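Shared chain: subunit A. Partners: subunit B in the first complex, subunit C in the second.
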Partner chain A sequence: MRSLIKKLKLNTLKTAVTFKSCWNYLFFDIPKSWRTDILAPPLRIGVKTKELITKHYLEGMYANGIKPVAWVTSGAPVEFLKALGFYTLYPENHGALCGARKVALELCQEAEKNGYCIDICSYARTDIGSALSGKTPVGRLPKPDLLVCCTNICQTVLYWYQVLAHHFKAPLVIIDTPFIYTEASLPDVEYVQKQIETAIETAERIAKRKLKFEKLKEVMRLSKIATELWLEVINTGKNIPSPISAFDQFIHMAPIVELRGEPQTVDFYAQMLKELRKRVKKGIGAVIKEKKRVLWDNLPIWYSLKLLSETLAENGICVVTSTYTYAWGELAPMIDPERPIESMAKVYLHPILNRGTGDKLSLMKRMVKDFRLNGVILHSDRSCKPYSVGQMDQRAKIVQELKIPAVLIESDHNDPRAFSEKQVLNRLKAFMEM
Partner chain B sequence: MERIKAIGIDAGSTAIKVVGINEKGNIVFYKVEPTSFQMKPQLEKIIEELPKDVPIGATGYGGDLISNATITASEIRCHSKGAHLFLKGPGTVIDIGGQDSKVIVIDQEGEVIDFTMNDKCAAGTGRFLETTAWRLKTPVEEMARFAEKADREVQVSSVCAVFAESEVISMVAKGEPMEAVIKGLHRALAKRVASLAQSLNIIPPILLSGGVAQNPVIKSMLEEELKEKIIVPPYPQLMGALGAAIISMESKTKVTNR
Partner chain C sequence: MTSGKAIVLPIRYPRELLRAFGFEPVEIWGPPKVEGTLGGSHLQPYICSVVKNALSFLLEDGLDDAEIILVPHCCDSLQGLGSLLLDFIKPKQKVLTFYPPRNKTEAAKNFLIAEIERLWKELEEITGKSPSQQDLMRCILEEEMADRLTRELYMNRERIGLSSREFIELLRKREYLHPKEFAKEVQDKLKITKEKEEKVRLILSGVLPEPMEVLDEIDAAGGMIVTDDTSCLRRRLLQPGTSNRPFERMAERLLSAPPDPVLGCSLEERIAFLEKLIEESNAVGVIFYNVKFCEGEDFYYPQVAQWLKSRGIKTLKIEADISPPLPKQVSQRIRAFIESLGGRA
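On to the complex of A and B.
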């Protein structure tokens, strides 16, 4: 194995890649110092999560030349690529992985050395830094044959993917999704549908094969089932105590983002749901002695999941769910496998970040009610402006109208330089006393 | 000295405040000293000199360093407890400290309804006046006196405490009178704090605490900006420590052997 790695000249951070190190390194470690006094044991499905993600990145290492490779944004319509046999890589997920593995800072600095400003999204900096330096904790990322950028999550991706297109000399497909406040209109859907149809033609040319409509329908069906299952997984949090926390969701959401439309993802979430239902039956809560239940808004802070989860759990606070993880489940009913392209257009127009701030507030209020929550933590994410805009007002409205405490903490999802531990814990302490 | 029933220590970033209270909650002893860069030995020395077998409430950035504290509580809770003694009902606390500014809305019982703090920026804190005072070679305690003498004020940017220094220097170099520049600095700070307060649903009366509350110009400018009367308690810098002492007295926790 080692000689093979040497031959392949793999660029890695800190250690060389072996199968075992890949296995241990990927996505997250089951912490050796798991706090069983305040947290329920880690979910068993964690082993499977690691396996799926490890396999996905291992496949990626050898994908070039075997499969066409597409790099896609997290909110891109991926189903037609799956149906055409593409290997899909999500730079944002890779960024999150680097964040959780605590190597994102080094990669961000690689990008900064090349002139990318510190104010650019830290996922973009992590990804560009990785592309420029070739460094990654997963061994090697496959080169893209196609880039698919959908603007339903932010405008940064538009520039970020142009950088990637320039760097890799790869064709770039942009799917522009007009901003909607609550619901997309028919012209919006038609506009996006047209673009998806054009994107399919480009993808067909690169894959050198024709899209089989039946196959696309099948992928959509698998996407729908997995999304529905993920929503059910999140909804187990409505039980008191909640068998799952948002911190668990942040980790186990990887397959629904990265491996949507695959049969193994459906099996994975079916198994996860089974495990959670068992927990509910036995009355096992993710946080032992759950006293308060709160909502998390915005992206997680990848490099301090453990610190935050333990600090809150020590005080009997369970972060039951988050608007972020919910976003990958809430649109399940919209997916119609019988009308794949039209429903793709519709679904990918409706992510939380493409809807108005008022709509997000209503969602938060609904979640507080449905999940029986007593507080909200809003993470003002320096990197994710579309998610953070409106949070001041959302916080104020939640406090006034729902009469529950809500706290805003300033940080960044991937750049630890924007995280001031003392400041964050100071605010959380006051929030926990309320 | 009257018998001390409880002690509160507010280990802040700029100053360490210690308060001893009697059973009625009145301050019978207090001490304020600037925070050194080695906080732990400094705190140990302070505690050494305090009466033993008295509950200690700890708060502030260094609150966790006080290992023999009976109870540690957040600054927000301590400030609201301390201020409630003077507000005697619902109201708002504006605390302008060395590196932190906070606005806390409290209810009838002195419990926190809502709060907000400045984030990674010192422009709305005491440090803003401190750094510029240092640049102007003026003791920070004298700043208000200069501002009061001014017949007009120069507009100073409130964006950054570090860049305000160079801005002030260039204004003085351009021939602006120092008094007008200093008054402008006060205005920048007051506006910054007022907008922090206005981001919450504040309820009168407003109590101003923290070291900066000793500055009468800031008080009157805040009154102008917020269009509300502001109360400044005696010893405004001690609100957090006072609250900590009250909380430690209220806590049923046994006093550990010290």
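On to the complex of A and C.
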């Protein structure tokens, strides 16, 4: 088993891998090793999270030649691909997985060895490093038959997917979503809708089948239900003590990103919600002695989840929720399964990263009020400019207007070289004293 | 009909539209000689100096004489700057935005026409003016004439014999001069014929050559920028439109831009464009002069450089901040690069 662990840690597997053999090593370590004197025991649903994601990557290993494969950005309108029977892979999620498994640095360095600058997004470097070297902790990634890049999360993906298209010689569909400074206009929606229609035609050609409208509606319906359930999961954090922390959410958000539009995702979040409601009933908090409740802004620092979670919990601080995880639920009301294409155009125009900095401040203020929070931690993420620009002003406004402490910590979601543990902990210490 | 100065951030916008409303568009690429501290109170250290300096300049009241500020959406940092200005900084000038689409499809063209119309309406509201279609078409034709002369300048670059700095400075006058004044300067230069000098023929690629001392270094080492692949110049050299409808014609022009990462061009398109530049100019080397933290340039560089190397074209990558002075290390690398290509030792 040890040698398998070694192989799986970062290797191109030469032999077939079974579900059973990779079960323990494919995804995040469920926080069983995290301190249970200050944190609640891990959610039981964690076993299911691992199962879903393990199955997903295992299916991916053997998808080529069996199913059409699409690599997609996390904010791409994936529903039409699901309805056409595509296996979808999310390089960002794979990047996060590599970050959490602490293998991202080696993959980033693979990309850097090949000339990719250290300043480009660490998810992209992780993914490109993996594509160039064939190394991945999930054994093997399927080659894409199609790449779908939606610019609603950043402009970085536009460049990143051009690199992938060149590397894999795969067709690339770009769904360009105009940035919403104030509100989306009709031409914005029409433009995105038209691009989705064209993307469907391309996907149909690759899948060699026609999209069935009823199937698309069904996938949209499942997407909507799962998204609503995820939002409910996050909203259990409004209880005091909160049965869930943002760190739990980071771990359990993989299915809503990766398996949106599938029945198993609906079942999964229904089960998770049930477990959390039981915790609420019993008064179980994610942090055992919850004294203060805070908001996390921006992506997680994947390689430091345990350190941050425990450091904060030691001081009775529960990071109740985050703008990042909330983003995967807040648009649920916009999803209309009866008008799937128009609805996709609207929904995928509106993720948090495609809206203005003032809009994000309003969201943070609402979350502080609704979740009864006492402070905000803003992760200034070197690898995510669209999320990070505006944080300095947002922080100042939160302090001035809400009269609560807010701290900015500098780091990077996947590259540990940009994480100065001492500096971050010092800043958090000062924050915790406020 | 004058409406005052319009400050425009990089990179892409319908210049003729602003002119039709009587604005004098003045582009702000940085500017380089600005202390970035004020911008640093709103922007993190990993935001490029073009954006940070522009914000510093604004906060130092350097843009006080401007009536409007136009922030085209051309990258994540410019997106953030536009949003910050609208939501938090709220300068006294009206802040306008413009979104150039990232593909060249019919849907993109229709969106772009709508986007130009939106900007038109906002300018009508601000100025209370409504230029006629003829006025607008005249402004478009003036810009097309300036583009045509720019192309001529590139074609005759060697004959007119300007130094690299003189050549680039002349081209960059387009960032603030009226097209007629620009045309006059270009026409004057096109009259010059100088004897051909033996120099190492180079292409400059990247966003912009700042500080401009980099060009002096190239010349001093025996090199010459024969053409460029920069966002501020060649990648914005547009084709004339064909439509008689002004909005559509402006959209056609913007969509005719050469490949640029910020527009989401493919690597193949970029390579093909560089191949064309190399054929036209007989360049033997390419200097990738990248502004630190400019992701677009950084993503494309490895593959483009690899292709150039496979063609026997030498490359040098430099990463720099736009603010002077030019680091000595950069000067030395440029000198060594040009020397290795047969320049002065």
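By definition in this document, the second predicted complex is superposed on the first by the 409 of 434 C-alpha atoms of A that agree within 3 Å, B and C clash if a C-alpha of one lies under 4 Å from a C-alpha of the other, contacts with A are read in each partner's own complex, and residues count from 1 in each chain.
What we mean here is this: contacts are C-beta pairs under 8 Å (C-beta built on N, C-alpha and C of every residue); 3 or more make two chains touch, one makes a residue touch a chain.
Computed from a predicted model, the values in this text were never measured in an experiment.
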{"item": "Subunit B versus subunit C as contact partner of A:427, first or second or both or neither", "value": "first"}
{"item": "Touched partner set for A:162, first subunit B, second subunit C, both or neither", "value": "second"}
{"item": "Which of subunit B and subunit C A:36 touches, first, second, both or neither", "value": "neither"}
{"item": "Which superposed partner A:120 touches (first subunit B, second subunit C, both, neither)", "value": "second"}
{"item": "Which superposed partner A:385 touches (first subunit B, second subunit C, both, neither)", "value": "second"}
{"item": "Of subunit C and subunit B, partner touching more subunit A residues", "value": "C"}
{"item": "Intersection of the subunit A residues that touch subunit B with those that touch subunit C", "value": "380, 392, 410"}
{"item": "Complex contact set, residues of subunit A against subunit C", "value": "114-117, 119-121, 124, 151, 154-156, 158-160, 162-163, 165-166, 172, 174, 176, 178-179, 181-182, 185, 187-188, 190-191, 194-195, 198, 356-359, 361, 380, 382, 385-386, 388-393, 397, 410"}
{"item": "Residue ranges of subunit C in contact with subunit A within the complex", "value": "41-44, 46-47, 73, 75-77, 79-84, 86-89, 97, 99, 101-103, 105, 107-108, 110-111, 114-115, 118, 261-262, 264-268, 292-293, 295-296, 298-303, 305-306, 319"}
{"item": "Subunit A residues touching subunit B - in the complex, by the definition given at the top", "value": "380, 392, 396, 399-400, 405, 408, 410, 418, 420, 422-423, 426-427, 429-430, 433-434"}
{"item": "List of subunit B residues in touch with subunit A within their complex", "value": "61, 73-77, 111-117, 119-120, 199-201"}
